[in-house]
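Should a chain be cited, it is by its letter among A, B, C and D, assigned in written order, with residues numbered from 1 in that chain.
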Amino acid sequence: MPESLTRAVRWDTVVGALLIVLLLFSFSFVDGFGNALNLSFLIGNTLPIALIALPMTMLVVSGEIDMSVASTAGLSGAVMGALWNQGMTIEAIIPICLLLGVVCGLINGLLVTRLGLPSLAVTIGTLAAYRGIAQIVLGSDAVTGFPEPYLDFSAGRIGDSFLPQAFLPFLVLLAIAVVALHATPFGRSLFAIGASEEAARFAGIRVKRQKLILFTVTGLMASLTGVFWALHYSSARYDNATGLELSVVAAVLLGGIDFDGGKGTLGGAIAGVFLLGALQNVMSLLNVSAQSQIVVTGALLVVSVLGPRVARQIVVARAGHRAAAAPQLPGVPPPA
Amino acid sequence: MTVTAPTPTPAAEESGTRLMDRVFKMRELAILGVFLVMIAITQAGNSEFLSEQGIKDLLLNATILVLVATGQSLVVLTRNVDLSVGSTLGITAFAAGIYLQDGGNPVVAIALAVLLGIGFGLLNGLLVSLGQVPALVVTLGTLYIIRGIDSIWVGSRQITAADLPGGFVDFGSGGVSAVPWLALIALAVVGATAYYLKHFGSGREIYALGSNPEAARLAGIPVRKRTLAAYTFCGALTGLAGAMYLARFGNVDSGTGSGYELTVVSAVVVGGVVFTGGSGSVYGAALGALLLTSINSVLPALGVSSVWVLAINGILLVLAISVDRIVALRVASALKKKSAAARQPAAAHTVSVKGDTGHA
Amino acid sequence: MTHPSDAGPAPVLALKDVAKSFGAVRALRGVSLELFPGEVHALAGENGAGKSTLIKTLAGVHRPDAGQVLLDGEPVAFHGPADARDSGIAVIYQEPTLFPDLSIAENIFMGRRPRRALRRIDHKATHAATVALMRRLGVDLDPDRPARGLSIADQQIVEIAKALSFDARVLIMDEPTAALTGSEVARLFGVVRTLREQGAAVLFISHRLEEIFEICQRVTTLRDGAWISSELLDGMTEDDLVRRMVGRDLDELYPKQDVKPGEVALSVRRLTREGVFTDVSFEVRRGEIVGLAGLVGAGRTEVARAVFGIDRWDAGEVEIDGRAMTNGAPSTAMSAGLALVPEDRRAQGLVMDMSIERNIGLTGLRTTVRAGLMDRNAERSRSLDWAVKLQVKYARIADTVNTLSGGNQQKVVLAKWLATGPKVLIVDEPTRGIDVGTKAEVHRLLSELAAGGVAVLMISSDLPEILGMADRVLVMHEGRLTAEILRSDATEESVMAAATGRAA
Amino acid sequence: VTACGGTSKEDVKSSGGSNVTAGKADPNAATKKGLTVGFLPKQVNNPYFTTADKSGEAAVKELGSTYKEVGPSSATDTSGQVNYVNTLTQQQVDAIAVSAQDPGALCPALKQAMSNNIKIVTYDSDTNPECRNAFISQASGEDLGRTEVQLLAEQIGYKGEIAILSAAQTATNQNAWIEFMKAELKDPKYKDMKLVKVAYGNDDAQQSFQQTQGLLQEYPNLKGIISPTTVGIKAAAQYLSGSKYKGKVKLTGLGTPNDMRKYVKNGTVDAFELWDPAKLGDLAARTAIALVSGQITGKEGETFKAGDTTYTIGKDGVISLGKPTVFDAKNIDQFNF
């Protein structure tokens, strides 16, 4: 019993439970939370974070991080705006933007894998570089007026339900990511790389290649997010999604992904994303001021890591006492 | 079974060591080199750049970042991180400001900021070391908490230069000819910290526990105490930096210092302090800070349109760490070849000695 | 079973009825032990018997759940390793615990450096003391070099130097010789004898029984965490000792079957990695076990790494089954049927935070797959099969490997690679830290594999093992192959002569 | 029109329609009471918006309704602002007064609110016209841009190099003002003045500081700086007052009297200007309630009375506050905001 308890007290389970509690609470007690419009807004505004959280979780599991995601998103939004201004068709623009994201991710990946640079440093650098290039590309323009079908898709709902239209494609991506991380050899090797890169290499895992793939996918997803962002808010500006990386990192951390690598589940990460999103929504509806919301978010982060730790320590201590109290076997008599 | 292994010749071994030493000093030298080249180019493009005022500005700009980066590098050395520095900077600056606004004594105000910084450092340190939870999460949490408390406390108030004693504000921009007081303070702090880290047992233990926490525990190093001390020190320096910020900019509101943590982390990383702990120096971190802030001064001075500044900034940052890395790799492989030559029997040995004098 | 009183004075350090559990694993139960001054006391037992746990209890790393630690007859409660150290207890742990970023000198004197005025460190004195220590151990390591990148053997030597650096009343050594070759061991024993004569109490663990008989006076055996016996070694035979440890008689330690070598499976031609090894050429045939001997640092491990593709080579070629290997590509080598059991199990062999199951599964990521997805049942049964075959001692297959004893960890590494069904198997120090029983088991396994047509290259610093198991012995000296000796001609003398470069 | 059959900007333009407020104004309708008006500034805790919103609150209360303020804590958190529009919609307030971080991004949410019968007033920063009922403009961009150039020209004697220190490159209002400054400079009387550079300090004290340094190093002959942003002018003033350029390089722009008092008194700054943010908030509140009461609908030409003044709605639903106030050593002590 204590053992199953220890295993149950995992971050991701705790976060998932918290999310459910919060939702139950909000549906019953918070005015305006449960209606379809609010829920669709809640989900729609959380989607960009959730989208980037997918590859970010994998990256963190493999022991790396990409701080440049928000800038990549901003850059692809800016390019989208600039090309749109040029009169290109949106159907041609979107693939170009995604390709750009791939290039951004590839650059990060090559710097990390070929030169062996720490990814935190590299991506803090490219965070500035990509955002700067976005500024050069689009300048002070705020491009609007994208075609209605696209705007509807990224901001509209499915009929009168609470689900944004973009939610279904997200679910597909989520499913792909979950399978990739938790059920494929690729995912398995990421956990090994994150926990011990050297041991993974000695097991014949192509560490560099896997990492390069991951960074590239992260770039792709970031640019997809950038396109989605520009359409969702129907505004392409160079500073779109500024600071999104911290929200993603906070959510992923909250979801129990260990930044030392090798641990965590995508379910936890996504639960973390929606927990933060829902919490903010609920607090706003309850008229909690923005300042207090920040304190609550911070406290939640701290508690989410301290809580399970304390619980586990109590459980382990109890188990220890029990084992010690067990009757001692007499020493085995030595052979004659 | 009792056979003695042949001992390699001491001379060859020593040459390897000296080269090795150089590699390690290299890290700081590379940054210094990049910095000097950058300054030289800028001066060539704009002769006003290194005027007395220009040098003063350069140093003043770096001061606050140098202080916080020094504190941060101590924390990073212990294989932790403190993301809450930006928030702490903001709240300590405001605390000092509000005290001065009511007619307080500047020295007490600085002490107050430092004490408040120590308080938050202790909070972080206690959470990390006693809770044994990942520093990244905890300090991201305290980043939000302290910022929230700051904004609730500060509200829409702000401290402006007019509210502060003239002497305090003058102190923020004054100095001995081109060297500002603030820069002297920062220099003293960096020097003292570096000396402490090298020459005191507890300083070495900070490196040790970041290098291998498990071994540190077995070696009887008081891991929690040292971690706590590193955080407290970081908090103290951030508080000091908060007071300096107030003196320098004369202007504090609820947003002061937000987003600063990324700049600090960049400075530390560019300065060659390794994020997995145990390796790097505060000189490096300080140089990293100087390099980063100087990029921001260099580009406007060269008349680069501010549209380009951000991009160039980022690219330079990536370049700086790449160059540093490539140089390190090159030297390491040269070193390997060299020691290989040294490991060969007698004939090769003389060659390596000759090679060595060539280098000297 | 009582301790003879003629051993001299009262015990310096003792354990009385000590118990210690980790969750459900009862690592120690009711164990007692007495260390006397001027005596080297051996601690023997199979892998997982609880030896390291006992040592950590003595050293203040673990707090006993029950029972007492007695220092000079008085019960003490160490609150941490520092307490034990301050009471004059020096410990060498089984796994090296160095600070990779600090210099060797600093590693040795961490916590008790010579000081100058104002409690500043005296760097010069530290350096000088380290040089002196190194000389005493007869090794040549630069005191200012960082510990990062030291071979396991060198790390072990630094650990020894660390323990010797203060005049401990009690010296505790957990498998200090596991990574060392004859010469270093001889030096170490010289030093231990001196300490013993000066009145220190020494506790010594080794799975090499001949070492126990060479240096120790008394032995305590543990089995499954329980105390079995404490007695003088005088008059005991190796078989007696083994029986106490294992509880039964042992199989033959070197069960080498004679096999007729088949065609060439691994062929290495003129392989060179600058500064590390030069012009290495050899072949290993199906059914053959080829030993690779040499002194520590001769470059054996480096050759294996390059062949497997971990490091790139600068010149030469490697062929497996006639297929040329790509430079620096372990995955190609793996798919060609090569397996490498690496030297450093903690860093290279295992992902310490992963379960036993997943660790063994890591080499099967390409085979335990159905429709592109992991086949969890196949993975589990593959892992279970091999864990059982190698008699890994664990509570649950889903436990992380860092809860296993050192020897059992080594078995997991072997399992992981044997599970790939290799054609060519390179084992680097395969029995380091493995108890005699298991060692025999591993040897039998290698022998069977060879009999089944696998080509085996065995790197080992355990000379008897090489002599007992190899069909042919290759010897390296300073990065070059200096000799190839057939089984019939191989003796300790001939191999050592080649290894030290005396018979080039 | 396009070759590959996709959708491009031109296609969209032709199909785009604008949302014109329906209904008819009844200037004599009674002012409704018991309404809820939500204020959504760009950033809470920003002294400027606090001043504006405080007087908005006073006006709302005076008219017998309930006031509430929500808002993001960062001025670049556009998605946060969108969330707050949504929150206010959920809470079914009667009107929202919002200062938009982005002209386009808030539109879907604002339209959603309007379709829930909530009246939208923008103040300080506008959105696209079809996403709100009315916009309270602090001063016409033209007035601000031109007067700032005039102020500086007088201070430097219509001669020498000048530069502009703006906020973010994307700040819509800043850019509009800068355009008018450039237009004003075309006047022959400024023929000896030359605008050498527009720098951007991103409304960040440190960056504005360094941009000022850069301007002075790059253009040693610089005579004056216009900073049409309160953060920028404050930082530039602080830098100048602690440097050798104090009093030699003139500085003007938009600042608050409390921020700038010290620099006016110590001679760093001669004069600067600003509208009264309190009036801005007041008018936003009154406009919102007039909209809900049906006294106006936001059409061009409608008039309504707010306090003692009667305002006329201009083109695109823009209501202008009036000319800015110039502050100098003589009058600065009469103001406190």
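Keep in mind that, in the parts below, a residue touches a chain if its C-beta (ideal position, glycine included) is under 8 Å from a C-beta of that chain, and two chains touch if they have at least 3 such contacts.
Chain labels with UniProt names: A = Autoinducer 2 import system permease protein LsrD; B = Autoinducer 2 import system permease protein LsrC; C = Sugar ABC transporter ATP-binding protein.
Since the structure is predicted, the reported quantities are computational estimates derived from the model, not experimental observations.
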Tell me which chains count as touching both chain B and chain D.
A
Most distant chain from chain D, judged by the mean position of its C-alpha atoms:
C
Where the centres are mean C-alpha positions, what is the separation of chain A from chain C, in Å?
42
Hey, how far is the Cα centre of chain A from the one of chain B, in Å?
29
Dist(centroid_CA(chain A), centroid_CA(chain D)) in Å evaluates to 36
So which bits of chain C are touching at least two other chains?
none
Where in chain D do residues touch two or more of the other chains?
44-45, 73-74, 169
Mind pulling the residue numbers of chain A that touch at least two other chains?
135, 139, 243, 289-291, 294
Listing of all chain pairs that touch each other, if any do:
A-B, A-C, A-D, B-C, B-D
Would you tell me which residues of chain A are touching chain D in their complex?
31-33, 35, 37-38, 41, 45, 48, 84-85, 87-92, 135, 139-142, 144-151, 155, 232-235, 237-240, 242-243, 280-281, 284-285, 287, 289-291, 294
Of all residues in chain B, which touch chain C in the complex?
1-8, 10, 13-14, 16-17, 20-21, 198-201, 204-205, 207-208, 210-212, 214-222, 278-279, 336-337, 339-341, 343-345
Touch list for chain A against partner chain C, complex
3, 179, 183-185, 188-189, 191-192, 195-196, 198-206, 262-263, 316, 319-320, 323-324, 326, 328-332, 334-335
Spell out the part of chain D that touches chain B in their complex, as residue ranges.
43-47, 49-51, 73-74, 169, 197, 199-200, 205-207, 209-211, 213-218, 220, 234-235, 238, 241-244, 258-259, 261-263, 265
Complex contact set, residues of chain B against chain A:
127, 131-134, 136-138, 140-149, 151-152, 259, 262, 265-266, 269-270, 274-275, 307-315, 317-318, 321-322, 325-326, 329
